[in-house]
Each structure stands twice: as structure tokens, then as C-alpha cells.
Amino acid sequence: MAALTATRLVFDAAATLAIVFASVMVIHRHPVKSVLALVVSFFALSIAYVLLSAPLIAAVQVIVYAGAILVLFLFVLMLLNVPEEARHGSGRPIHRILSAAAILVFAVFLLSLLRSHGATASPAVGASAGGGADVAAAARLLFSEHLLSFEALSVLLLAALVGAFALARPETQR
Amino acid sequence: MTATDWLITAVRVLAPVLAIMLILPIPMWLERRGAGLIQDRPGPNRVGPFGLLQPLADAVKFFMKEDLIPANTDRLLFVIAPGIALFSALTTFAVIPYGPAVTVGGREIPLVGADVSIGILYLFALTSLSVYGIVLAGWSSNNKFSLIGGIRSGAQIISYELAMTTAAAGVILAAGSFRLTDVVAMQTGTWLGFIPRWNVFPQFLGFAVFYVATFAETNRLPFDLPEAEAELVGGYHTEYSAFKFAMFFMAEYVNMIVASALTVTLFFGGWSLPWYEPHGIGGVIVSALAFFAKTAFFVWVFIWVRWTLPRFRYDQLMRLGWKALLPVALLNLLWVAFLVVKRWLP
Amino acid sequence: MIAGGIPLGDVLLASGALFVIGLVGALLRRNAISIFLSIELMMNAANLTVLGYAASLQNLEGQVVVFFVIAIAAAEAAVGLAIFIALFRHTETIDVNRINLLKW
Amino acid sequence: MTPALWIIPALPLAGFLLCLFLGSRSGKSFVSAVGVGSVALATVAAWTRLIPYFSESAAPAVERIAPWISAGNFSVDLSLRLDPLSALMVSFVTFVGFLIHVYSIGYMRHDETDAGYARFFAYMNLFLFAMLTLVLANNFLLMFVGWEGVGLCSYLLIGYYYEKEFAADAGKKAFVVNRIGDFGFLLGMFGVFSLFGTLDFDGVFTRAAADPTRFAPGLTVVCLLLFVGAMGKSAQIPLHVWLPDAMAGPTPVSALIHAATMVTAGVYVVTRCNVLFRLAPEAMFLVSVVGGVTAIFAAIIAIAQTDIKRVLAYSTVSQLGYMFLACGVGAYVAGMFHVLTHAFFKACLFLGSGAVIHALGGEQDVRRMGGLAPRLPVTYRTFLVATLALSGIPPLAGFFSKDAILAAAFAAHRPILFAIGLFTAGLTAFYMFRLVSLTFYGEFRGTPEESKHLHEAPPTMVLPLVVLAFLSAVGGFVGLPEVFGERANRIAAFLAPVIPPVFLPGRETETHHLPVSSEWLLIGVSVAVALAGLLLAWKWYAKENGRPAAKLAASFPALYALVADKFRVDELYDVLFVRPFVWLARMLWKVIDVLLIDGVLNAGAFLVELTGDALRFLQTGNVRNYALTFLLGIVALVLIVFGGM
């Protein structure tokens, strides 16, 4: 077992927070509360990202996920005025049983696999570079080697924008 | 890190926050006196000389009032919302440098809360969180005016954040760094010996877009649609009273100060003065005062504009944001890119 | 063991847990938006894994990949929510159990 | 203080953008100021750059603006080049362009809406931008950008009156025919890159000249492909059909694009690549033959045309043929010289015809004109000067350039080409003076109302006419033949650096020199032929009112009809290309697509439908069931893959 450093402590705390609020998100039947729980979870995740020496991703995580995507969810929920989920719906029992079983099997496998891999993973070499250098280096990578993907992504976003606009437009204006 | 280091960091982070909380009554007083001045009436002049103690009296009033939570509200969110608003406003100040590095007892201490490498991104991240305070307040109040105000605010802040971020991207591009101390550093000195190397000169369009967008971000007139009292009673804070209302009220002024400070940092050289090279403790004081003075100026412009311009209609607001500010900000970005490629900047 | 003494095992465990939680939500919730949220959570779990390995292997490519995933998630959210709005206009509900016209 | 080269094309581009975005709202004065002003500034910029250049004949200047494309071993810069050849082109492109812009103010002012006026000037400015890019480019790719740009503007401006069907059709025709040429140019460019590994002019030409034999067979193909491009743009047979139709555009467009500048781009390209062409004698031979045939062919057609602009259009095709003839026999200087003088007098002629059409309120048929000389005195005089220049009457500009070409053909021992050139010169004088006679002499044949409205053009139109007529008169003196002394041919000395000596083993590297006596003789012959044609036309059309011509036409009705119908080339193309193509398309549609592809597809779809009918009961319509299936599949996969571990 690895030593308990301060950084690890903070990371574990953040991860726990993320997991707890993710659970809240899944369990809570009110969609607005679910979204808010996910905001907290993602915020905790962004702290974890900082500790994994990815400050850029952490900032993007908050700006894009918490600041834009989840706000959008909140908006839609408020606009549609979605009610709380009914306690027992029309789902068939077989679906629930099968789901539970499949999830259980999958979870056991996934966690055991990750655990074994995490234990045997080769230890990292040296300390990570400073945060500032990382941002510039990541940006350089993004704009040189992955430039094509980056540009393709911008096209994708444009397509999504147009698509969302076309889909959400009221029928009468079409 | 030794205990001294921890202490110094704590002071560095807390000092600006405390300073803001302490001077907060000044813009509040200024707003009301300024309104009086602009509207050709005295303004508050009963409590203390020139009504100087009016904010204090207001504060007492807020504390004494009944703290009401209306029925059928979502209590948890209703209570948390003003906290989010104030918290996200206050923490933004942590990365804005307010003076040059000061040497105390052999230690060089930069006068900035936290000199993080992603300073500007951190600011935008927190700004984007501030929308939750207002949206949640609007939603949890269970009141149609509040809900409309909250939704308006959310849409407005997200829309204007695009223009604001794009305008700031020009500065980032010129500085080549997200770090706000670097942004200030690139703006020291002069061109041709008499033009300060402030970003506002090569990037005037960027500054204009950014500053207009901050008005929308802080929900101030002429973009105060979320609380438009003539149509929405009080908007998202219709149901709030007493201390919770005071938190919203304070958040607005803190946001104003932060927006002004950020404008100064990004476009007006931050704490630096064009012909002045700070030395020793005196230099630090002069620089900090310069920063304070510049920020105060923009705070005053906020007040000035509020009492001068009428409110926009919501569709006009959206049209301005998407069809005018955003393209202009992009244009500015192209222009800066051109300058950088031509090596005329920084 | 990676930067600052965080073992890779911790990261993987956390991401695995988040992924399973997302899976539960995606399969058992009936509200379309909640399902969507759960899928976002699963994506973030995957991101966490990638970043964990990136830090462990001192490789920045991981950050780039995560960056792309976030951007794609943004595109997906925009289109997905637009679909929900269009759907809601027709059916007045976003309970996926009641949106089952697409059969036979 | 010399301006950077990029300023010169950038100014019209700025004018274009301003006219495009602000023009339709800001009114005609604004558009005139911007449209003409930007060109005026570009002209000033160009000439401040050129004047020292002309006097010192400085070394070629290459100015790199920015890297453009860099991928693998392929790299191209955005870079401009000023050498004697591009300097010559820029000099008259900017100046003639400016004059025509000025003229356009008067010509376009009255009959257009604000938006149309702005559109016109926007396109004209865009054209100048593209043309300047073409001539200033330092590599084939940038040149191609300009090349396509001028083609686009040509298309836009021919179809300027797009509400009229024939104008829109003419635009499309020009575009399609030009595509063929552009395709050749593009392939030629690919060939250049694969042969030389670069697209920079300097790199290509030095590599080609350094080792002539190495590239031999490929080089011929490349030259032929480039020449196909030049043929398309410069309207050489068989790609000439678009140019006469291009007269559907406004007259200033015809003057600028379809007479003075764009159509000479082909000649420019061939001259620019003279090193390559001279290493490929077979290509040179083809160039000269195509040029000669085009020259005489178009001249014959011009005789029988009755539309004033169409006559001038065919004349342009014919003169372009002359220029290619010159290039083909190795007389690049003579070709460029003719480009220059032709720009002056042909622009003057077109503008003059525009003034006539303007005065007649849009009438273009010469049979309804006549007797205009006293009514439009300035137009008449300038038109006459330009006509004489084009006919090759000394000492006007056309005489010197045409004489240089004929002398070159003679000196190159190409008697047939020389004979064709000489005969064409006579024809040119004949049809041009026929045009002058029909338009300006005799009785007015239009309606009385038209007669009442006859008026001289406004000053903005007259001024360019006068300047261009002056230049048509004296422009030839930059290239006096060598009989007037060693240094008389200044243009040849100026252009010498861009036509470096090339040594092709096994062939003499001939620089032809004629003895002084035979040169005098040639001059005498060509002047005599021109005068003969001129006098004949004057006698037939001015003195005897066209009766002898009508009689001649009546005695050979079939031949006359053939010529008047432009040898029915369009109809031939229709039979040869258009109809088979339509037939082929119809075949592909009816047989291949509907029967074959759709049949296979429908059969497949039927199978899928059957399967689907069987399987569709698995679809519950509930998305969560699908997700569960998804997960079950993954679990199964995991069990299979990792189960053994």
C-alpha cells in the first residue's frame, strides 16, 4: 500500500466526494437535484484533475461541463418543467432483474480488473512538470499533431449547433 | 512548506477578499450619491456627513429584518443560492494581481492571491459557476417572476460569456500565457516612449466588447433584464429578504469590482504605471494604489452607465451579444493573431 | 504511484466506481434527462482513467484525448437536449418508458 | 519610398470588399469613389514601383508575404515577383484598368440601380485584384489562383445582366469552356511539380535550363497542357467559342477583360514559361500553328459580322492568334509587344463602340448605324486612330508590333505562317475599315427618334478614349524595329532578362536576324497589304454603300452563310460534344442507374425487408431495453475475452 501523502489525501477526498454526489445524482428522483448533484460531482472531479497535473483539463471541465453543459440541462428542465419521476413506473420486472444482474457482473469484473491493473501498473518516472509548462505543452500538442482532429471537432460543433437549432425550433416557424 | 509559507499564502489570499468586503460600502454609497448627482437630486444625506453612514444603516436594517422563506419553496436550494452567488464572486479575486512582488525578510512575495498558470481560465470557470446562484434562486423560489429572471440571467450570462472569453482570448494570445501576472508584465513600459503598452491600444475592439460584456455578466443596467423591476418585480430575488437579499446585493457589487479589476488587469496594465518603475515598499504602495485607482474609475463608469442608459429589450440584448459583440470579438482575435504573427506584439 | 503520491490504483478505483454508478443510472432511470446525465458521468469516468494513465506515464496525449471527449460531449449535449425538447413538444413527457413508438 | 508589392493587388481587393459590403447602401457616389479610387491608388502604387524599374531595369525582385502551404516535400509561399515581364503587364493592366474604371462611371451610371452599380464595381475591382495576382505571382499555384479569379470575374461580369437569358447563358458558356483550359493548366501544374519538385518560377526555370535533356518528353506534355490552359483563357481555336458570346456583358467589361487584360493571360503564361517551351520544340510548333490558324479563321468570321462588338470580339481572337504565332516562332518579345499595343487600341475600340452604343441607346447592329462621324466627333476620331493602329498603318502602335511578328515569322523560315499573317493583316484592315465605314460614314440608318437622341458621351467616357487613342498612336515607339538603330527596340532590351538563352543539344539556338534590306522590304509589303485592305473596305462600304460586298455575298450564298454563322463551330460542338454527352447521361440514368443499380438495390432491400419482418418483434421501442442488450453484449464479450484469465 502506498504512503498516505497530503496530495493523495486530497485526491481521495475529492474522488469520494465525486462518487457520493454521483450516487446522489442517480438516486435522487428530482431531475433538477440530479443535475445539481452532478455539478458538485464534476467540480470534485476537476479538483482531482488538478492533482493529476492536468490544470487545463480541470479548467475546461468546470467551464464546459459545469458552466455550459449542465446549465443547459438545468435550462431544459426548467423550461419543460419536468416532474419528479414516479416511484413505480411501467418498466417490466424482467428488465430490472436482468439489468441488476448484468450491472453486478460487469461491476465485479471491471473493478477487479482495474484493481489488479492498478496494483501492477509500472510506477511513474520522476515528478510531473510544472503546471504552466503543461498548459503550453498540451496546447502545442493540440495545435500541431492533433490539429486536424481539432479542426474536425470545430466542424462537428458547428454541425451540432445547426442541428440543435433545427431540432429545437418550434414547428410553426418551419 | 513551512508554517511561515502557509501564513504568507493565507494572507495573500485573504487580504484582497477582506479588503473588498471592507470597501464594499463605498461603491454602495457611491452608487446612491452618484445616482443623486446624475438625476439632479441630493441622494442619501441624513445618516452621517454626506450620508456616508447610509450603507451601515442599510446593513443594520438587513440584519434586523425578518428572514422569510416562503412556503412551497425548495428550502435547501433557496438557502444555498445566495451563498453560491457571493462565494463565486469573492473567490474570483484570488488570481488577480494587485501589486508587484514585495521582498520581506529575504522572501519575494508576489502580490497576488494565487499565481496559478491557468489564471484567466480559473476566472472564467468561476464566472460560469456564478450563474448557478441566480438560476437556482430563481427556480427554488417557486415564483414565475423569479423563474423568468433566473432563466433570463442564465441565457444572458452564457451568451455574453462567449463574447467576453473571445475578447479576453486576444489578450491571452498577445501575452502567450493564461497567467495574469504575465499579462500585467507584458503591459509594462511604453511604445515610442509615450504610449503605455496597455492592451487597450492595440486591442481597442477587444476592450470594448469585454467591457460591454461585463455589464451583462454582472446583470447591471443596461442589461439588468434578470431583475428588471418594472416587469419582473425583482426578478430572481423577488422572494428574498433580509440577510439573504443582502448577500445578493453584496454579490452584485463584488462582481462589479471584480469585473473592473479584471478589465484593468487585462487591458489597462493592472497595477503598472507607464512611466514608473516600482522600487521597494514605496513602489509597492504606489502600484497598489494605481491598481485601486484604475479599478475605482471603472466602478464609477458602471454606476455612471447605470443611471444614464435605459434598459435593453431581451431580444435586443441577445442580438447585440450574438450578432454584434461576438463577431467583433472574433475580428479582434484575428487582428491580434495578425499582429502576433507579424511579431508586432507583444 | 504517480504525481504527488497518488497511486494509480486509487484513480482507477474511483473511475471504475463512477462508471458503474453511471451505468446503473443509465439502465434504471426512466427520465431521459437523467439517463443522459448518467451517460455524461460515464464519459467523465473514462476521462478520469485516461488522465490517471496520462499522469502515470507522463504523457500529454491523454490530456488531448480528454479535451476532445469534453468537446464531443458538448456537441452531444446540445443535440441531445434539442431532441428532448422536440420530443417533449410532441409527447408532453420525457419518460422513456412512455416513448416507445419506434417498434414493429 | 517604394510600396511593397502586395499593396498593388491588395488595394483593388479592399475596393472590392468595400463595394461589396457597403456599396449597395451607400449610393453611387461612394461606389464610384471607392471603385475608381482603389484602382487609381493601385495604379499610383504600381507606377511608383515601376518607374525606377523601367529606367534602371533592375534585377527581379521577389517579395515573400507568408508561407502558404507546407506539406511534406511540397511547399508553396505566398510570394510576389516583379521582373521585366510582370512589370510590363502590371504597367498596362493598372493603367488601362484605371481608364476603363473611369469610363465605367459614365457608362454604367444611368441605367443601373445602386445595388447593380455597386455589384459592377465590386466585380471589376475583384477582377483587377485577380489579374494583378496572376501577373505578380511567383509560382504556378498562386498564378493559378489569379487565373481562376479572373475566370470567375469574367463569368460574373458576362452574366452581369443575369436577368437576360442570353447573358446568363453566355456566362455559363464562358465558364464551361474555360474549365477545359483550366483543367489543362491544372494538369500542367501537376506535371511541373512532378518534373521539377517545385512550383516556384525561378526553381523550375533554372532546373529546366540547367539540364534540358533530362526532362525532354515529359516537358513537351507539360507545355502542351499549359498551352491548353492558355488556349482556353485566350480563346484560341478550338476553345474560342466563348469570347464572342462574352460580349453580352457591359462594354467596359468587354474592353477590360475580354480585350485588354484577361485574354492576354494565356500569352503571358506562354511567355512566362518560355524556357520550358523553347525546350519543347514540338509544343512550340503547335503554338505557332494554333495561333496562325486562329488569326486567319477569326479574321474571316469578323468580315461577315454585323454586331459592332462581335466584330471587335473576333478581331480580338484574331489578334490573340497573332500573339501566339509570335510566341510559337520564338519571338516572345514581339508577342508581348503586341499584347501591350493591343491593350491600348483594342480597349480604345471597345470603349469607342461603347460610346456609340450608349449614344444609340443600346443598339449594337451596324446595319442600323451610319453617319455618326459628325454627331460623335471625339468618339469618331479616337475610333479611327485605334482602327488605323490595329490595321497596322505606320507610325501607329499596331504597325510596329505586327511588323515585329511578321518579321519574326519570316526570319524563322516559316513561309506559310508568314503568308497567313500577312493575309490576316490585310483582312484586319478590311474588316476594321468596314466597321468604321458602316458606323461613321454614309447616312444614318436608325429610327428618327434615335437620331434625335444622338449625343457625344460624357467627359468621364471621352477622357479615357482620348488617352487610349493617344497611346495607340505613340505606344509603338517603345519597340522600333532594328532598322532604326541598335538600341531602337527598347522593349526587347527591357524584356531580355526574362528570356534567357537556352541550349538544347542537337538544335541550333537560333536568334534570327534579318538583313536590313529585307526588313525594309517586309515593312513595305505589310504596309501595302494593310493599305490595300483599308482602301478596298473604304471603296466598298463608304463610297458604294456596301453594294459590291452584297453582290459578292449573293454570288457565294453558301459560303457567306457559313462565314456569317462563324463557321458553325457552336453547332459542330453541339453535335460533337453536347448531344453525345446528353445521350450518355441519359443512358447512364435509364439503363445503368434505374435498371442495374436500383434493381440490385431493390432486390437487396427486399431481402432485408423479409428478414426485418421476421426480426422486428425484438423491437420493444423502449430505449432502456436496447441499452440493456448493449450491456449484456459487453458482459458476454468480457466473459469471453477475460473469462480464461
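Read from first to last, the chains carry the letters A, B, C and D; within each, the first residue is number 1.
The definition used in the following text is that a residue touches a chain if its C-beta (ideal position, glycine included) is under 8 Å from a C-beta of that chain, and two chains touch if they have at least 3 such contacts.
Please read these numbers as outputs of a predicted model, since none were measured by experiment.
Chain-level centrality, scored on Cα centres against the all-protein Cα centre, points to D. Centre-to-centre separation between subunit C and subunit D, using Cα means, comes to 60 Å.
One finds 5 Å separating the Cα centroids of subunit A and subunit C. Along subunit A, residues 56, 60, 68, 79, 91, 99, 102-103, 106, 134 each make contact with two or more other chains.
Residues of subunit D in contact with at least two other chains: 622, 624, 628, 631. Subunit B has no residue in contact with two or more other chains.
Taken together, the chains touch in the following pairs: A-B, A-C, A-D, C-D.
Only residues 616-617, 619-624, 627-628, 631 of subunit D touch subunit C when the two sit together in their complex. Those residues of subunit B that touch subunit A in the complex are listed here as 77, 116-118, 121-122, 124-129, 131-132, 135-136, 139, 147, 150-151, 154-155, 158, 161, 177-179. Subunit C contributes residues 23, 26-27, 30, 35, 96-97, 99-104 to its touches with subunit D in the complex.
Note for the complex: subunit A touches subunit B at residues 32, 36, 39, 55-56, 58-60, 62-63, 66-68, 71, 74-75, 78-79, 130-132, 134-136. Partner subunit D is touched in their complex by these residues of subunit A: 91, 95, 98-99, 102-103, 105-106, 109, 113.
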